[in-house]
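When the chains are written out, they are named A, B, C and D in that same order, and each has its own residue count from 1.
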């Protein structure tokens, strides 16, 4: 049995595997399959200041080794989250990353602030959502906006702040450096890539929202590349994700520089994916006589 | 609710119409608890997303479940290519099913096309207290009519082109007849246009009606919010619900078409 | 039999299917499978001013529904191309798109200029390669650089100029508009997305170049989205590509706005892919009673 | 060169060692023209890239081809899971093979591990004029020794741990022996370290030597430039060649290790 525990920003995780935000709700459904205490942590569905109904359906489309979603930020709002979901979750003996978002930096800061009085372990700030004040471009696509929203949230919370980066950019390292300098304690990446599918018979986009976020195995090589680039650009720890579906994939992202790994779409293919991945990581480390998973982080040897 | 995920052996495969298959799976733990109107979520090999398929038969004595599906795209094609002895990767049973009315004297089961299969477990329950009105495009699509008869259920087969069955045209004509005579409940599954027509007729006639909806799904268990549908409550307030968890069966008056 | 012919920038194609640059060499090898005259056109391997040896091997890695390549711009140089490859190709009764690239705008212009005296039908300028004068960022990642290189090549040639866009950018529509205003007659997209794979046992990147370009089905939804966005942003025609492996995929890209479609990685999976795709397009159009493929271009109906 | 792509039925499947399989395929048009040292490019179902596998047997009379491969990753695993009667999607024959020397009196075939199979067609050609020196890690990996004997070829089996065969250690020791006695040609396939050692020995001894290289491939036919390898000519000038088209067989002195 390899030692799978990791520590990120002072928070202990019993293992590096975390179901990603948006795929796991608040854990209630997957708890019917296995105890949540087996997980390193849980990233909860993105929460905003007020209730949001999300985008109209259809919200799901299949793609080669991947999928698109246009759920949008459907959520009950931060107050309902704190009142109805968090107390239950905090008793599950696993690290809770509260994923938050907003249409303005102020909204993000307000949401983060409301979490100060809770025992949530970390805040994961999703900067892929459109900034209404700046004409709707995503916070995550410009260094200034990324910096601004990170600063605002940084000022609102003392909790470890993980900023979740968008891959839909020319240079993810620039954004990573901007949020690092603005006070992020860690970064997580990658969020989904923007994609589209069209029903060729009806000539309508499959998603009612026309476009949606691409996730799954298809984006894995992009995630590996971006985690590696970012790990060479910043000093803060990285939580990697994007298309991880096996223990080997998780190891690969950790070699590239991730200290922990989130699992998204794979939970749909196999609800037990996070548990299976934890076991497969252990088996791999044992087979290579590696004592602790921490020792492999960032140890890829570039040519 | 406890979900089960497992690999369940196919013990019978039958082609029952053009590109339409009936599979019987051995899965006692699911057969023990499954209810009419629930569905299973099946992973075609080498695909990333599961396919939701209604439960078309529940046999707790033999520990089997039946599903009936049509080839619509690549995933259902892959499933249709599976054979007896192979195992289907399935999460089941999912969703909440039809409300059964033990005191009902006459219910009508309205199925359209590949929406007919989920009516079968209701026919098993209601037996000769049920009338199954099934609509199809033509004789080529007609399925499962003899299965209803086996449960003692009265069968009314409709085809749009009149190429089979007693009724040429839509399911709504015979349904209106029964509604006017007075029935206890209507259950429906099929294309959206049909469901809308059925729901409107029942609401106008103040007859209890439940319909089963479809939506594209990812998790199938209520976690991803992928399968949103809008519903309205008695006060007319709009809610977002999820077909996989809150449905697939909804009360007719809840659904916002 | 539907009418599959299309016309782009005044050039007639007998059908819209073109093997993509880099996967088809100069056609010699695939000619052993089928006559090149069946193809709408051929995009030749990227050619530079002088011979280039490309990157060291391994140059190929597999990914879920895709692959990475780090071939680099291995090619014999423009003079050898004109002398040894082009004369043969121009007798194949198919449209030849000469894909060109360079480390500076001047090099690109020089290469284009040398093609003036040939009967090559179109020039496809690949702006995904690094601009040595601007510190190595790809021409295709900034509007100014993209404009500058397009202008230089525009001034050097009267042939129809297709500019091939990189998807590794925050806003592909901005780049498309920049090259349109700089005189491009058409755009082609998408080139590969930057990705990476690591061998978890050796801890070495699979590619000797560390990173490489992602192509194949995995990127198809990104291609559809980008073609759709660009078709809403520019007036010039679009040649679409990225993960097309079936007639249905090609139709989908054309609905999104492409006037023709290139086929890359699918040629490796199935050397007959371009021919099969042409047949499948025809079958689909026939089944929908559509007389000509031209009539579907850009007819997606967004919600 | 004409390439053939087709779906060829598996007529025999045999597990011949730990995770190592021999498949015989029926493909007369390929068997008719294939040469020792060439390879086939096989598509595992649901994968995007084909896998290059050397030809281990050519039987034009029966119209069959034999391949022998080890499970190394997902693709070879998928191929190993195929069964008799199923069809392999193959492009063949590819590359250029070994130079056959009709006048040779004694040649040595050096195979290392899964590099042994491509030596078999050479053994068939040279018969008792050939000696096959095969190296393996241990007895668990030993394959095909009796196949060489069937062609009358002398067999020298080496294992690193001495758990099988006459020689404990590497193939180089017996090879040096033959080189010093004088032989007409050496053909080799196996791990790079082995090839390098073999090439150096032969060059030093001025013995004609050809080796078969491996590289990751996409097209397999010479179009994508994916499988580059560096070679040097007599003048010492460096060239980029491609394993799939210019190889996989190269003259020892050409290869830049």
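The criterion applied here is as follows: a residue touches a chain if its C-beta (ideal position, glycine included) is under 8 Å from a C-beta of that chain, and two chains touch if they have at least 3 such contacts.
Small disclaimer: the values here were computed from a predicted structure and weren't measured.
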Shared touching chains for subunit C and subunit D? none
Labels of chains that are neighbours to subunit B and to subunit D: none
Per the centroid of Cα atoms for each chain, what is the distance between subunit A and subunit B, given in Å? 36
Give, as an integer number of Å, the spacing between the C-alpha centres of subunit C and subunit A. 33
Just give me the whole-number Å value for how far the CA centre of subunit A lies from that of subunit D. 47
Which subunit D residues touch at least two other chains? none
Provide the list of subunit C residues touching at least two other chains, using ranges where the numbers run on. 61, 65-66, 216-217
Touch list for subunit A against partner subunit C, complex: 61, 63-66, 68, 141-142, 168-171, 193-198, 200-201, 203-205, 208-211, 214, 216-222, 224-225, 228, 243, 248, 251-252, 255-256, 284, 288, 296, 299-303
Touching residues of subunit A toward subunit B in the complex: what are they? 22-25, 28-30, 32-33, 45, 53-54, 56-62, 65-67, 69, 71, 74, 206, 216-217, 265, 267-272
Subunit D residues touching subunit C - in the complex, by the definition given at the top: 1-3, 5, 43, 47-50, 75, 91, 215-229, 240, 245
